[in-house]
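Below are two complexes that have subunit A in common, paired first with subunit B and then with subunit C.
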Partner chain A sequence: MTASHPVIRKMTTTFKLCAMASAIVSAGLISSQALAATPAGTLVIGKAADPQTLDPAITIDNNDWTVTYPAYQRLIRYKVVGGKGTTQVEGDLASGWTSSADGLTWEFKLKKGQKFDDGSAVTADAVKYSFERMLKAGQGPSEAFPSDMKVDVSSPDTVKFTLTKPYSPFLYTLANNGASIVNPAVVEKQGTAYLAKATAGSGPFRLVSWQKGQSLILEPNPYYAGTKPSLKQVVVKIIGDASSRRLQLENGDLDVAEDLPEDQLASISKKPGVTVAAFPSLRVTYLYLNNKKGPMSDVNMRRAISYATDYSGIIKGVLKGNAKQMRGAIPEGMWGFDPKAMQYSLNLAKAKQLIDGSTGKGATLNFVYSSKDPNWEPIAISTQATLGALGVKVKLENLANATMRERVGKGDYDIAIGNWSPDFADPYMFMNYWFDSEKEGLPGNRSYYNNPTVDKLVRQAASLTDQKERTKLYQQAQKIVINEAGYVYLFQKNYQVGLRANVKGFAFNPMLESVFNIDTMVKR
Partner chain B sequence: MAFLRMIKKRLLGLLLVVLGVSFITFAISHLIPGDPARLIAGDKASEEIVQNIREQLGLNQPLYIQYGTYLKGLATGDLGTSIRTTRPVLEDLKAFFPATLELSLVALLFASALGIPLGVISAVYKDKPIDQVVRTLAVTGISTPAFWLGLGVIVVFYGKLGLLPGGGRIDEGLTPPAAMTGFYLIDTLLQGDKAAFVSALKHILLPAFTLGFVHLGVVARQIRSAMLEQLQEDYIRTAKANGTSKWGVILHHALPNALIPSVTVIGLALGDLLYGAVLTETVFAWPGMGAYVVNSIQALDFPAVMGFAVVVSFAYVIVNLIVDMLYMLIDPRISEVS
Partner chain C sequence: MNAMTEQTLPTAPDIQPAAASGLGYFFYKVKKSPLTVAGLFIILFMLAMMLFAPWLATHDPNAIDLMYRLLPPSAEHWFGTDEVGRDIYSRIIFGSRQSISVGLFVVAVSGVIGALIGCFSGVVGGRTDRVIMRLMDVMLSVPSLVLTMALAAALGASLFNAMLAIAVVRIPYYVRLARGQALGIREMGYVKAARTFGASRWHIVSWHVIRNALPPLIVQATLDIGGTILMAAALGFIGLGAQQPTAEWGAMVATGRNYVLDQWWYSGFPGLAILITATGFNLFGDGIRDILDPKQKGK
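Moving on, here comes the complex of A and B:
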């Protein structure tokens, strides 16, 4: 009865049509080409976030450098030795350079035949223009350079830098992303804001498209004067979720995947066709101890915290072994590193003895951190546990990252935690930033460490040009700051990245995290 | 006339909503501790550089001047410049908003197209096994976290079966359609690019299902309860007494009346979908406003956050206006009362 009713008949027909339509759509989807591996000659890199801005005079974010670094050249670049990136430098646009004995004048000669991606020549004028533009912008990248530095064109292929006071890291700063040489004609024609969304350099690649939040495509610069890259295209895919990046790498839709979940790296590396490469980095994690006020102003209390830290437990338990304990402030891999420097280790008896002899006995300390780095909380908990066993109560304060920075900037904390990575390959980035009393606060000396002897040593080291002499001074200063436990020197973490097995030639440079040498990488 | 009066009134309200939203977002953005200039300059930058950036961005001006400048721009359709991306906020939102809207609309279509029939069936077969199944499905939908469901369907349909893509809006090898509407499904059809359309369709299925699943439950439950209420009414008994068939009564008499309150639920759901797409977008690498706004909040990029709030609240008010207009069409009594 019911089945013969017109409404029911109509519904039945509708359902049939729907079923047919869905069958056709499903068949179409299923029979369409399998979700294939990335095409030969195309390298697909999966990243967690879209670049913010591509302007080398503005960006200080390594995430942006994935695109900007291969799109521009600089006067100097980091050497690759035996397939490995180093912190030593060589000429990139520059064929050679000279410096005056006092280190105040530097002259660079440009290589012949260097061209921007529109075919125009890279001249000394372009170098002057780029540096003056960056300094005038006065944003983050300009921090690495003396603000009163003068740039002059000596000849069409020679550029001269004049400094007002000696600044020994100068040569190394020229390999920084902020020292990229931009095409003045493009900036003048398109306006300075153009470089936020496009590239105009002389590097091996150039940006050809940017689908915001989705992908960026780079292709070789046809006018690049160096060796032609073997890759025909590089796609940077933005995939916010780490598990999705993992799946796409395993399925072959990505050739390279960054920021994979640490606890999953071991299982990812067991998947066929996937490797997880680990490289020692210069990114360090350390505890700031407020030297200026409260219980931490007592050196014995700071030493006690250094002895009450479970370094190996943190490295094994929290970082799954993917880190190495620091030996003072200068990390291994940076010149100036002292392999014989004193290293603290967990020694609760000694810590107890030091606490008993300090003004901090029975104190309650606050430990401020944020969720920016997932490792910070377990480290804070570990510190709380070991100090708690010694009768020192630690109150954990998990703050919004901006609030935490503000607290550190004001010196409103007892213990805090942070990461640090150098902007140029010079121990200045650690010793002068961390310990010079003139850099107190968020920009560098976050422990508010103040020792006139150390000030003198690090300032002298920054004014000399002789690397051996500088190393000696820095190591001398380092002995003092280790003994005085200015910070708790925790660990330098490995940089880990997932790669398909057919991707070869990745030369990680500890100065350039998130930058891939796509000009020499190959896909087999 | 009543119709026009209502539209006029609502548009005036829209102006007040936008003003209110911009003021509240501005106030909250400036109450949050942290300095956007410091975030741009980087931790290592000297105070001199940070101060320079403050001046460049006008952050050194008194707050009322900053807000006044913002409102002046807003009146001319200028949402300011993003602190983080250094691009005009409007340009950024133009790139991201259509993706979010397309995903939300397809999710809503999915939720309504399945939720309405399921709600009807559930009400008609109240307390029967099929009703139990639908109710369980509805509760599951409402209580399943989107990121969990998203990962689950990716693992199954992309990871294990390889049937559908794991993320993005279109295959890498294909050129995205020229932006006409900003909706890939429509733009690819308008340009007659079949391959791109199929790819866009494949890419939207899983995120739309994930996003729509929660609202599927809401819609099904709403329709069920409205239908149960309607089926008890006297006019239903009269219709039955007149000899109208069971399904005729259900579809022609009860359902249209049950749809009236459901239109509100569906309209509000679109607002929720626009705001709530963040997690789904993250899991599916969907290039919508979600990731943009989250990154902007973290970077204290208040022009971008304010731009987002203004655009979404604008869309929300417009959707509600459309809902009210639909009310009048569905139920002429409302128009008469107005």
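Moving on, here comes the complex of A and C:
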């Protein structure tokens, strides 16, 4: 109504004809204002960045999973207990499974009547096809599985996985986005690149349109065999500007808003109709240091950066105390966490001494980051300032998120920043992904860390089943990677998301950050 | 050609007496126009700010303090602090060096190059003239901000590249103006006389044409400084201008935008600085245009 007032005031001074016109205009304004609140049955999610690819065999970015995860099904899924995501699993496409005593063969029986969004049945062949396609692509998602894993169809509704050596996190990896089952008929017909921009799965939702950089629209899959979702439509809006996301959430143009700046959460949560939900998570923020080339390949330089980071300033100042400094790679709350692990702290004298003794002395470093996470720029500026005081010039490069990932993937950076959240509840997600030299680049080892001893330790840990033994190996490896400052281990923090008060049933799972359970969420 | 001469006003012979009447007359006219005086004061104020930045600033513009982020204006921080606890007042003071020098640099570079090309093109005429002018038309046909963005992005994000990009884009405006002047001047008796005495083309352009084409070019340049500062701010705003930690007004507005709902001072004060500076140069430019315009004389 407020927007129509100036129009009405003008009426008194203009002609009757104008009055009529303005009446029409104001009527239009009122009706468009009524539309500003999102329609019932439609959930609008505001995100900071566009998905890069929707192909589950390629993406390992949670930002893409908002769209892909609900569009596909996997053999198993994480249980939701009492409205909360857990780390226990249950069958999704599978009705049950058996495994051999040595953990090398796994058999999954498929539920009956599961259908893709074109109405065709989800068969054991489709499961085999999807896994083989993902392994053949050899991209990030395949890193979660042993490369020599074999998938066979033992009967039309039974799939058998054969591993050559025990792989402890195996069952949980099947709930990953990468383990999504795709429709083989669609891929064969449209070509394999088709899945980068469309979905062809059996999940509760399907993608109906994608306007690059604008929005993605999901609608229920009419053939979905599970419980029908209550939402009629889900719109994912891409809004790069944090203030716009906040305003739209406050005005009711968005129902869910991600990546809101820390400083604003307190004032957002005071607004009527808006809640800010915080969930304990295993999400960490850390700096990648290019171990492979440039000044950062010198361990003293990396240690110097670790000592020249203002951890407490970042945590108390930038994050308002809503975070805690990491102790090595494995975050608190994940088994294998070492409460006694060494932490670096701000020590400029030590850093100076290390820089003077390193080959990187006098070098100019670049620090690549993006505006995806509003905390990244202040952290980058802080690093620049502390290093500048030590005579190391840092050039900040604020890039588009996709460009930044590309640079990291090519190893074309000195320092970069990232967030990491585990996809399954196993320290493998940190120790093997971050440090195994086979996972160099975007798959996980973004620092290009390479140490044969560490390789051996983490690979051995992955092949054992005894948790105590594995913890020992991982902690042993962690001591080395902390000492060698493979990364700068910054902090872990809660996952926070802004929701309209009438949005109910969001079950956050720390393994599935940025994934919304839109099949069971409701709008009142 | 005669038709063109008539379109480009003021023509050189009219200008002569105005220039001849000297600086005293100029200041007499300036004093009579309060807006021009206001513009002049703003410019002087900003130039003083540039020169005396280290003494005017209350803090180190790049000193961060994460514990004092986004503080509202206070006695300690007059304009508040930014997202890493830097003093916004000090950053605005130092930012004037970036923003204003961009304005001066761009206008100097594009003005000199544009004037040379334009006068040369006008004096030579013929096919060379046509080729040059069509090239300028092509450059003018692309919206200037878009062209600047493309150039700045191609050269890489830095303040210097942004300045170069803006300078290149501004050149055609000066070329057109200077050529129009040159077309008139080359028909003047003194040019013809010089030619008769065997003066080279270069001598004619540099000695006779440019000197006499100067007044309208100066007006254009003064008016341009304000616009250029805005354009540099726009480039800084989209991340193609000055890079962190250098304080630059446009970039400050851009970062402050993320906080504008709760911390209005962050983008508010640098925005105000841009507004005042651009206004100052525009007022002054308008003023001297009126003074140098012979048609206004005697009014």
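As a working rule, the second predicted complex is superposed on the first by the 294 of 524 C-alpha atoms of A that agree within 3 Å, B and C clash if a C-alpha of one lies under 4 Å from a C-alpha of the other, contacts with A are read in each partner's own complex, and residues count from 1 in each chain.
Criterion: contacts are C-beta pairs under 8 Å (C-beta built on N, C-alpha and C of every residue); 3 or more make two chains touch, one makes a residue touch a chain.
Model, not experiment: these values are computed from the prediction.
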**Q.** subunit B versus subunit C, judged by how many residues of subunit A each one touches
**A.** B
Q.
Output check: A:K197 vs subunit B and subunit C. Expected answer is one of first, second, both, neither. What do you get?
A. first
Q. Thinking of the overlay built on chain A, is A:D55 touched by subunit B (first), by subunit C (second), by both, or by neither?
A. first
**Q.** Which of subunit B and subunit C A:K395 touches, first, second, both or neither
**A.** second
(Q) Applying the document's definition of touch, where does A:L247 land relative to subunit B and subunit C: first, second, both, or neither? (A) both
Q) With the two structures laid over each other on chain A, which partner does A:S100 touch: subunit B (first), subunit C (second), both, or neither? A) neither
Q) What is the contact status of A:T364 with respect to subunit B (first) and subunit C (second): first, second, both, or neither? A) neither
Q. Which holds for A:Q214: it touches subunit B only (first), subunit C only (second), both, or neither?
A. first
Q.
From the superposed pair, tell me which subunit A residues show up as contacts to subunit B and also as contacts to subunit C.
A. 241, 243, 247
Q) Inside the complex, what are the residues of subunit C that reach subunit A? A) 62-70, 83-85, 157, 239, 243-245, 255, 257-263
Q. In the complex formed with subunit B, which residues of subunit A make contact?
A. 2, 5, 7-8, 11, 25, 28-30, 32, 34-35, 38-39, 44, 49-50, 52-53, 55, 58, 60, 138-140, 142-143, 147, 193, 196-197, 211-215, 235, 237-241, 243-244, 247-248, 250-251, 253, 400-403, 405-406, 409, 423, 433, 442-444
Q | Partner subunit A, residues of subunit B touching it in the complex | A | 32-35, 38-49, 52-53, 56, 84-87, 92, 95-96, 99, 147, 151, 154-155, 158-159, 162-169, 172-173, 176, 198, 201-202, 205, 245-248, 251, 281-285, 287-288, 291-292, 295, 298-300
Q.
Please output the residues of subunit A touching subunit C within their complex, sorted ascending.
A. 241-243, 246-247, 261, 263-264, 267, 310, 313-314, 316-318, 374, 377-378, 380-382, 384-385, 388, 395-398
